[in-house]
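First subunit A sits with subunit B, and in the next complex the same chain sits with subunit C.
Our next item is the complex of A and B:
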């Protein structure tokens, strides 16, 4: 738990983790397969894509911005990588990562310039790039799909690789990313500036924070993570078409918000965001394991989101009351 | 390190234009070390523009600014900080989600290797708070801190930056009397550390109590620069306004009629207990007391914004249901709230929309809004209150503070209320407009309206009210008639709960 206290995992993350373990436990009681190594591995594999994206957009949301172009970027990244692999049969796995990263960085730079440089609202900018990037996938793909036989064996093998019987390679990368990002957000000037910018944007300008640079880099980071998520997507599904990951951006936003990252900026952590992603996946996986029809998935996701925001509101109201009471006491 | 009295910064002939509007037309300001310097002027005189140039928010268009003989670089907040200038804005610009230590060191966090050294930051912040005589917990979140404590954090931030020149924009506007005196102590300690403190204030009594030097601005130019002993209140007011101000408190003797508002034993344990008073037709009753003594909460409870636990509110002899502003408005109560930007106006809506907001019924013609009537209504109130705006549809955001306040007043006066409640009606507006607001409130009373006024400015309370009710920590501690009330008695009651000598 030393690591936990070091990274200042607040009570919000701790209580989320408790809810997560309870959910896993309850599901496991009804369907024991859920608790086996295979069950855990499946959960982690299926969470990886959303989790890596959640880490990517957390700094943006903390800065009171949003990036909804990420799902389109995942689609573009996955399709272009597959296309490269088809044309270069001797490609190996790390080259896929390089291509994904470059595509993601390109989208991130575009978003960053528009939002940070021109100070346009990020919701509208990334809604625009959501359509532009998805449109680009439609155009370049020309309705061509790729399947496992066209992908590098080394990449697919890596997608199957599992450590200690439960930890898939992709989730190992998620863990590394979450630790690095959490450290960065807590202990570096850039990370703290992100919280300040989201907490009070006009004040951030007045105290001379490098708002342009921080905002720009946050979008570049998010784009990069989306590019990497494209590789994760290929590793998991081993096939791609032009509609890959279509419409999934809001699922990522939901996971982040459920994880305690305030949509109004200024608070929340990547650890919370990843736990949020795990929780969403566990509940959905759990319901599937209990035999609930998959058609219920979106409705349940929405319900979770509303419960989470309700809990946040309750916490905010009660802490406000406590602070007020404290002030009244101090004055007397 | 500059010695006391050394010239630190000299501005001369400074100009600033915003589009076609000239904000500064050749202003001068001399700032010396170890000096508390008041910068006075009406709203729109250019004080804020001056501060913003020094803060690096704006660059000047012309003139020279010298800092210790060198040119002062403007146009970048970072450059101003580097040059030793720190600004404390009227609305403290803290990051509420961050800890106090972080707020103090924001942008300049101490590092150990590549990472931030939180322990060091916290102990340094604690040291600064102690120096300022206000021991706040550096690990605490800034959210929930009082305005006064937020200012202390801002001042600690300025000290941690080794600022030699500390600018404060209306630092006392939102403070209670005890908090003001604490701030003055802090200002004096900054002075004795040979820092220069420049502050803007509309509270002239405070200005004369603390400053060493007074610079007065009008219409974007400096009109006088005097050590405090070489000037006086009347002179300063005349310089600010540019003419003799007839009367600050145009009080008339009104015919007092029957009771309009009868508050009986009103209690909401979190804020106030056992409040009982009446306001009659043609009468102005003031609720005095420190900020946080529960005055605004009483007003909000009467108007129905907040609920109360026990007691009753009677209007014109009939009970007023609790917790319903709709009923309060239907029964002809108007509440001009203390925070006009947050509570009184729709800042991005037009002046016309704001003025007609509560007079919907007068505008409606067969179920639809008749805009001709809205225009007529707006013009009527513009003329009555001499509100200055270019276009009816101009967002109130663009008006000066004084004109915004008049707009809120117009909105409520347009409803022709029986009871007018005004909460801090002249906060943050200049002397000339203050006098006008006083005239308007007084006129409302002379027309037979009952007026309940909340104010932290004692001269205003003494000048305007027929009766004064003093509150302290949620309790009603004194009721004084106009004849018996003095500044000392009100302060004594507000701070000790006793009816002073």
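Our next item is the complex of A and C:
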């Protein structure tokens, strides 16, 4: 039928989208400026970094793994790009993307080899690389930070670029990435294998799925997206120091889980993950627009997360019941 | 740079003042300038001032910047400088305690130690040269905000956290100054960006959405001011909502010059280095640095010709002077 059903969009994503629009609507009623073109542009711009990372880790979470090294990778990517640009003033925007991608891929390959190759638990491996990569940022940066003056004007101009008055360039890339990844997850064997591996890892091994290759590539993909997110970070903030994006990995995991990607693997979509990221950002932007202090942000995030897990559980229980009832009916 | 901007508490001086014992006025000054880190623009700018003063005095001055921002690296530089026969050390400390043994050794060998920018414990140096006074910063912020707002209207503050001591002191002085001299400027809100670009940007958006009439945002934080200026320069509010606060001229140059109606304030770092040399010369010559004592500066000082030693929050210090406001007319003169 339509694109939505083809891209494996379940009722979970639809209901999330409804919640998202209600949130936007309510905030807009209280403060109409939130709904202006500038407000929408701000929302999409501020979601871009988390959204691209959420797309990156969704396949990993679907495979019952996790990657919490991403925020450190964003920091390394952003700092090293800025450093290259400072030393090569002729650099233009696409060269920043190339450097970011290479750094991201390198971290991704390391994570992938450790998790898929050595079969180490991904939480521990990526906790380790979280510290290693952040340590690398501290070492290479040597307390030097960079600002707009040192960054390529072409990159910053691209960061300001807006289509149709509301769609920032970075979010356009998010849309392209989400469509491509959703298509891949739904229509390729590798994508469908990810769900099988996450549903039952030992069984996936037994039936001969290429668990090593799929897992390895998922981590490489996540690293790549984190490297790209580093470019997004520079485009958005035009400032970077060794603490860039420090501690933000759990915000991405939260967005993914709120977006309906089950932390136990086997279900969820990148579309849901991006809607989750939008929802989190809408609430935060909305709170700021209503004058609520930034301190409420972590608490609200946590509350959302628990509600999301609760909803997941309810959906899982009710679908189990439905399946059971169906089986009983079939036997009778 | 956050580390650089953080104003460390000044400790009591007086004790350990080794200067009087070998205050030989005919002796040549041999000064080692040891900043927190050699590679960053802030301290390179300070060293320009050091060199300017040294040229006036005919002193021999060396820039001994460590390549990493640690106390251990500074201890090595201190010991090497003493070995090499430098008789004055001008130090911006990476740690208030860890440098003290090395500095005490140096002073025991007759070397004069003056700290600037960030202090060590009292027995590690003769005197501390502090940045602009909190009151001076508050006044500079108030003046900049009023200038940008056109003398009347609503403004908002973007700070770090509600319990950040420095920011709260600066904001208090700014509010007092506004009440006293700029009665038509009204502070309508204070938001907290937690000194992170993410939160600072979101809070800037929120301030503008909630208070569409504000004419200026004042961010007394080097992260917040850049985040606010970056956001405004790319939004529909560019040119309508001005941004000012505490920031380095190089960090803010892009926004000061791109029509965003931005300014920044900070002490004049180059003059900071210059003054530190003359303070060191005063101490080396046996001059008094007790509270109330007068310390003369050189002919090329961009501020006062003479400064009075004051009691800081926890001890005695010499304060550089009022903060400088960087505008589109003067920002190109500064490189730090």
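Heads up, the rule we're going with is that the second predicted complex is superposed on the first by the 331 of 332 C-alpha atoms of A that agree within 3 Å, B and C clash if a C-alpha of one lies under 4 Å from a C-alpha of the other, contacts with A are read in each partner's own complex, and residues count from 1 in each chain.
We adopt the following convention: contacts are C-beta pairs under 8 Å (C-beta built on N, C-alpha and C of every residue); 3 or more make two chains touch, one makes a residue touch a chain.
On a predicted model such as this, the values are computed, not experimentally measured, just so you know.
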Joint occupancy of subunit A by subunit B and subunit C, clash or fit: fit
Which superposed partner A:291 touches (first subunit B, second subunit C, both, neither): second
Which superposed partner A:208 touches (first subunit B, second subunit C, both, neither): first
Touching partner for A:195 - first (subunit B), second (subunit C), both, neither: first
Which superposed partner A:266 touches (first subunit B, second subunit C, both, neither): first
Gap in Å between nearest CA atoms once subunit C and subunit B share a frame through chain A: 37
Contact residues common to both interfaces of subunit A (with subunit B and with subunit C): none
For the subunit A and subunit C complex, residues of the former touching the latter: 31, 33-34, 37-39, 42, 46, 142-145, 147-149, 159-160, 236-239, 241, 244-245, 248, 284-285, 287-291, 293-295, 297
Subunit C residues within the subunit A interface of the complex: 1-3, 37, 39-40, 67-69, 189, 191-194, 197-199, 201-203, 205-210, 212, 223, 226-227, 230, 234-237, 250-255
Touching residues (chain side subunit A, partner subunit B) in the complex: 187-189, 192-193, 195-196, 198-200, 202-209, 266-267, 319-320, 323-324, 326-328, 331-332
Contact set on subunit B toward subunit A in their complex: 55-57, 76-78, 80-81, 87, 89, 93-98, 102, 106-107, 109, 111, 114-116, 143-144, 146, 270, 292, 473
